[in-house]
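In the two assemblies presented below, chain A is common to both, partnered first by chain B and then by chain C.
Our next item is the complex of A and B:
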């Protein structure tokens, strides 16, 4: 029994990362209608920045959240206006999708060039600290990831529900032309939601730096995991995306424990296929990755 | 107030409007009628800046709109109620109205506008916190017009307000459009319900396959043999 709870707890903590990434994907998909495949690479990139500022300047990763989040937001705005502004206005979304793929490989290789191929990770003085409840053991750092994920989801939720721009983002996710007709600058709305998506990649990057070891190829896998989480959670629902991430983490941990470590990937992609076929709306979303016909 | 001069619009290589001209006087109701595919929606979209004309001019209160995007046109007071309502279905009624008053000028008088809308459409007040998509067709049309009112339009362009509504609801909507007009809003009305549209308008235009073919007062067009035969029909209303 204890071990099952331990598995669930581990799964939830692993899934926190997927959840943060999936919320970002969901926001970007909402307005730009593309699966932003470079999300994972952006996460890895910010993980490297976190690692780098830790190695060079000894800045604690959790402290670097305060620089990484605004930086990521600005990077997001820049990327949008440089790369996606024109493509986002096109009816044909393949251009945006290909740009995302191009960006992914570009940044992968940039990381390879700057930091090399050796996997990196941050070794914190407190990374061994473990929270013990009965016979459940949770490293504090992983526990903090769940906190990050919940905080991210809450902030994005409040932004979407309580602010004017957030309401415009929700409107634009539904009907871009009608949003424009309200006198709303829909390019700006796309830019904002894209930038928040990248800011979330910044949050996930910091989280990744504290518990994973990562290399330049890790991004794509992570983007796909976030996509699986999003398919599970459904689009158009922040907490759905988070829950999708947590669920995926649990599924992976269950698979690892009961079938074997080697089956983790098979299990998560199997679930991906099953969800797309049988539950295209996701478990909690109003809308799935696939449009209902 | 609004002058459209020899406007041509194309979708890619396919031309949809050919040298279309139209004039709307301040304070009036102008009806724009014509068969399906005549180009009425295209004309409204060009006026609101969603489509770029290939040639011709649109002048609003003496200002050429060529360089202004939709946002600036809304700010000048040109507001469109699109065909099919295009409400934000998953947003609440109030959120839809709030988005109508998005620009600073409109936001500054938000409370006053909201009261105006609730006076015109009391049902929206009762449904304030419900999802827009869950309302009936008539209520949704009221919300679509209400959302436009929130923007404090000087000219409101309404595309097919009566589409899919019962005759009684259509009446209600027309009465509200007249009421709106009496509160100093100029109206450009695209309608399939030609009989009613011609009755309430000061001036009307008839379009056919991308051309402006006829114009006159409502009575003139109602009396016009061609218009009667082509558009008004036996039972006096629908195409």
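Our next item is the complex of A and C:
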């Protein structure tokens, strides 16, 4: 019993990273209608920045959140206006998708050039600190990741529900053309949601730096995991995306424990496909959300 | 009602899709404080005219001016800021949001620098269409007729000088149509905006409008006061077919 609880706890903590990444994907998908495949690479990039500022200047990763988040937001705005501004206005969304693929490999190789191929990680003085409740042992840093994920979901949710800009983003994800005729600049709305998506990649990057070791190729795998989380949760729902991430983490840990580590990916992609076949709207999406042709 | 200066002017506007000439050399004017109907059989190009005015499509030739400014090719949101709003035949209010959220959004973004704050404009617009008591209802739970009223309120909240109505009566019952006409009539008298009204149902437009234009196969075949247009031989032919004899 104790071990099952431990597995669930580990799964939730692993999944919180997927959750943050999936929320970012969901926001970007809402307005630009593409799966932003470079999201994982952006996360890895910000993990490297966190690592770098820790190595060079001794800045604690959690302190660097205050610089990484605004920086990521600005990077997001810059990338949008440089790369996606024209493509996002096209009816054919494949152009944006291909741009994202190009961006992914470009940044992958940029990271390789700057930091080399050796896996990196941040070793903090408190990395070993563990929270013990009965039989359950949880490293504090992983626990903090869950906090980051919950806080990210809550902030994005409040932004969408309570702010005027957030209302415009929600409207744009329902019907972009009608939104522009209500006086909303479609380029601006896409840019804002894209920048927030990249800011979330910044949050996830800091989280990744504190817990994982990472290298330049890790981004694509991570983007696919985020995509799986998003599909499990149902696109267009902040807490669904987070829950999808947590669920994916639990599935991976259960598979590792009960079937074997080699089966992790088989199990998680198997569940991913089963969900898409039987519940295309995701586990937490409303039924009938996905229209039939 | 006495019409003022020209507000919206289309001159020589043409648009084709592939080999199909949808709009052909169209000249059309809407004056200040004027209610104009634009009628025509199915497929005559009525909705295309709206999409050209709101810059969803770009015309192949011709120019469109609003308040004396060329708006051909201007971004749709800028045209909205200039005081032109529209409704859709298939309502496109945002169904996942509440009535008030819809109207607030239109009020906040629809116009720049207005002396009245968006909250006040949104509340007034809901008041005008008699929807205040449904402000917290989700748009997805409204009847078709209420959704139409909601779209009109969204338009009103940006204080437009011209509202484009795209078949607002389609799919409504007689009672609902009466209510809609009353609401549109009283708000128009209070706010004194112009209306360009596309309609398939000819009789309502003839009763309600100061002037009526008729298009068929993208060509304007009549333009004048409702009584004259109703008796025009070309118009009758467009709707009923060529006379047998």
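Observations on the structure shown:
In this text, the second predicted complex is superposed on the first by the 285 of 293 C-alpha atoms of A that agree within 3 Å, B and C clash if a C-alpha of one lies under 4 Å from a C-alpha of the other, contacts with A are read in each partner's own complex, and residues count from 1 in each chain.
The working rule: contacts are C-beta pairs under 8 Å (C-beta built on N, C-alpha and C of every residue); 3 or more make two chains touch, one makes a residue touch a chain.
Computed from a prediction, not measured in an experiment: that's the story for all the values here.
Superposition model on chain A: chain B and chain C are shown in a clashing arrangement.
In the superposed pair of complexes, A:174 makes contact with chain B and with chain C alike. In the superposed pair of complexes, A:182 makes contact with chain B and with chain C alike.
In the superposed model, A:6 makes contact with neither chain B nor chain C. When both complexes are overlaid on chain A, the residue A:67 reaches neither chain B nor chain C. In the superposition on the C-alpha atoms of chain A, the part of chain A touched by chain B in one complex and by chain C in the other spans residues 164, 167-168, 170-171, 174-175, 177-178, 180-185.
Taken in their complex, chain C has these residues touching chain A: 54, 56, 75-77, 80-81, 85-86, 88, 92-97, 101, 104-106, 108-111, 154, 158.
Of all residues in chain A, only 164, 167-168, 170-171, 174-175, 177-178, 180-186 touch chain C in the complex they form. For chain B in complex with chain A, the touching residues are 48, 50, 70-71, 74-75, 79-80, 82, 86-91, 95, 98-100, 102-103, 106, 147, 151.
On chain A, the positions that touch chain B within their shared complex are 164, 167-168, 170-171, 174-175, 177-185, 236, 286.
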